[in-house]
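Chains here go by letter, A, B, C and D, matching the order in which they are written, and residues are numbered from 1 within each.
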Amino acid sequence: MNILAISGSLRKDSFNTGLLRAAIEESPDGMDITIADISGIPVYNGDEETRDGVPAKILQLVDDIRAADGVLIATPEYNFSIPGGLKNVIDWISRVENQPFANKPVAIMGAAGGPLGTARVQYELRKVLGSQSANIVHKPEIFVGGASTKFNDGRLTDDICRDLIGKLLAALAAKIS
Amino acid sequence: MNILAISGSLRKDSFNTGLLRAAIEESPDGMDITIADISGIPVYNGDEETRDGVPAKILQLVDDIRAADGVLIATPEYNFSIPGGLKNVIDWISRVENQPFANKPVAIMGAAGGPLGTARVQYELRKVLGSQSANIVHKPEIFVGGASTKFNDGRLTDDICRDLIGKLLAALAAKIS
Amino acid sequence: MNILAISGSLRKDSFNTGLLRAAIEESPDGMDITIADISGIPVYNGDEETRDGVPAKILQLVDDIRAADGVLIATPEYNFSIPGGLKNVIDWISRVENQPFANKPVAIMGAAGGPLGTARVQYELRKVLGSQSANIVHKPEIFVGGASTKFNDGRLTDDICRDLIGKLLAALAAKIS
Amino acid sequence: MNILAISGSLRKDSFNTGLLRAAIEESPDGMDITIADISGIPVYNGDEETRDGVPAKILQLVDDIRAADGVLIATPEYNFSIPGGLKNVIDWISRVENQPFANKPVAIMGAAGGPLGTARVQYELRKVLGSQSANIVHKPEIFVGGASTKFNDGRLTDDICRDLIGKLLAALAAKIS
């Protein structure tokens, strides 16, 4: 089972990319998780799309989503909603024929410094991916609040969170098989 | 009265930029509307912010919002929500001290090819700007559906829409004075 | 295939109940649609639940949802969101053990007098039913705007809408089988 | 300054009604807070409205909102959204001419047993009250998570929360005067 993981943050020390690394460690037998690179993608501009087409990096991402059995997204919350950069990637992806998120199993989680742990963004992300008919895992929900206390040197050390991530991956696997 | 206008689309022939041009024509006496340039802004990356600070173009935009009596936003809907590029601009703006949207009167409208005319995105945009304590005009709401039939050579020709834009600007003016 | 249909409006001449009647007429071979009665249900009060348990009418509805292969909801939009009465029914249903909406295929549509045709409420309803792990049909989406012009004597006369309803039922059937 | 307070829960030992009692204790000089009674209100039915009009209890509530300088709402979260009962009250209120929430200062808070403390419902409530042009306090936001540990015999004992409530009331007062 082949999972493509996407972090909503481009920061090197991102808590959310840290969640994805924890997911790799907690993944069930037979599940391989690869973290996608979404840096360096220009802001969507319809005129540039008409002139130059969809960027090669997005086309690669589309291929990777298609080749994957499922997608795992970990995202911070910016201003109560989806980070513009992550939304921009999803907007670009939506421009290709035969949208790769259609019917694709997708699991969502998030970490934030505050107590809510990205509770506000995850539902908007579900709505957005629903527009492309993604097959989204409902439960468990993972809101890692107070993230700065739950990581050590970039590694998620909170056992409750690690256990929940294992359960989320099991639920994702159940949608795939 | 000095209004800064922001289009959620970077396309040259954008319907939403067309709405802003119509707003200039329909603006009440004593209101000046200037359309901001939000092209060429990189996707937010916390590491780059730490290294290089907030981009000069965003700092200019922040100054322009501060100098304006109000803000007018016209936005398309991408995948049921805020275009990634527009959200990215708002995310960058939120990074400065003394957020410029705080208590700033803001009016929102949108145009789309489909029948809903951006009905799904405007509430998310209200939520996002609310996170920065913007003072948002509630009514009238302007959803320009079937936009391709309401513009001619880039000019909004639908009189009902033009009249509504005038009313929206009057409501924005009422929040300012 | 056995579908339980729920109208978000209690009005006898409700457009939304009219959509459900149209669904009965447009249902594919082998699909039976029964319209549930959700009138006369008290507003949820935790103290009354503790004292008297869940109302018999809700328990019947829970049994009917469990016995059904899928659920079809047609709802108006009240104040940009779910009618309180419909939400109250969903709140009561959520109180039983083994929530009946879990993994249940559910299709949603709506009619309204205005141009948006319930575009604002359907996503909130998806979020709410998602909290109970419903398996919601993404597409087609059905927003019947200008409803007063599309019904005659309580019968939906708009062929485009009737055709869309047929497609929605086919998508619901595909989730079931 | 005269504030009408509404609890989204009908339970006698409701945490949210407890928040309102704490607000009475934390209210600034010159602010009087009265808790409204919203029990016993029937589910909205357009046919019954046509036949019998708006219930007397709703008309009283409308008068009380009009007479108040501001409104304070404390609500639980049911199934990720507004409790059906509270939404039903708002739906009824919206039926009178000259909607009483228009331009009325409104502050929102909430308590829940889980960690998120009603983070999911408050934005939907803002959207719904925005449909009636309420003048909603943006900050501070109050999400009382783990509520069972923060009350003793019905009294809010958490000093951080009590302090935040005082700040919310000050922000509400600032919108009034």
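Following the convention adopted for this analysis, a residue touches a chain if its C-beta (ideal position, glycine included) is under 8 Å from a C-beta of that chain, and two chains touch if they have at least 3 such contacts.
No experiment lies behind these values; they were computed from the predicted model shown.
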Interface repeat test, A-D vs B-C, A-B or B-D, passes over-half contact pair overlap for B-C
Maximum distance between Cα centroids and subunit A occurs for chain D
Here the gap between subunit B and subunit C, centre to centre from mean Cα coordinates and rounded to Å, is 35
When centres are defined as mean Cα positions, the distance from subunit A to subunit C in whole Å is 31
The distance between the C-alpha centres of subunit C and subunit D, rounded to whole Å, is 28
The positions of subunit B in contact with two or more other chains are 80, 123, 127, 130-131
Touching subunit A in the complex, subunit B uses residues 9-12, 14, 39, 41-47, 78-91, 94, 124, 127-128, 130-132
Contacts from subunit B onto subunit C in the complex sit at residues 80, 115-117, 119-120, 123, 143, 145
Subunit B contacts subunit D in the complex at 123, 126-127, 130-131, 133, 136, 138-139
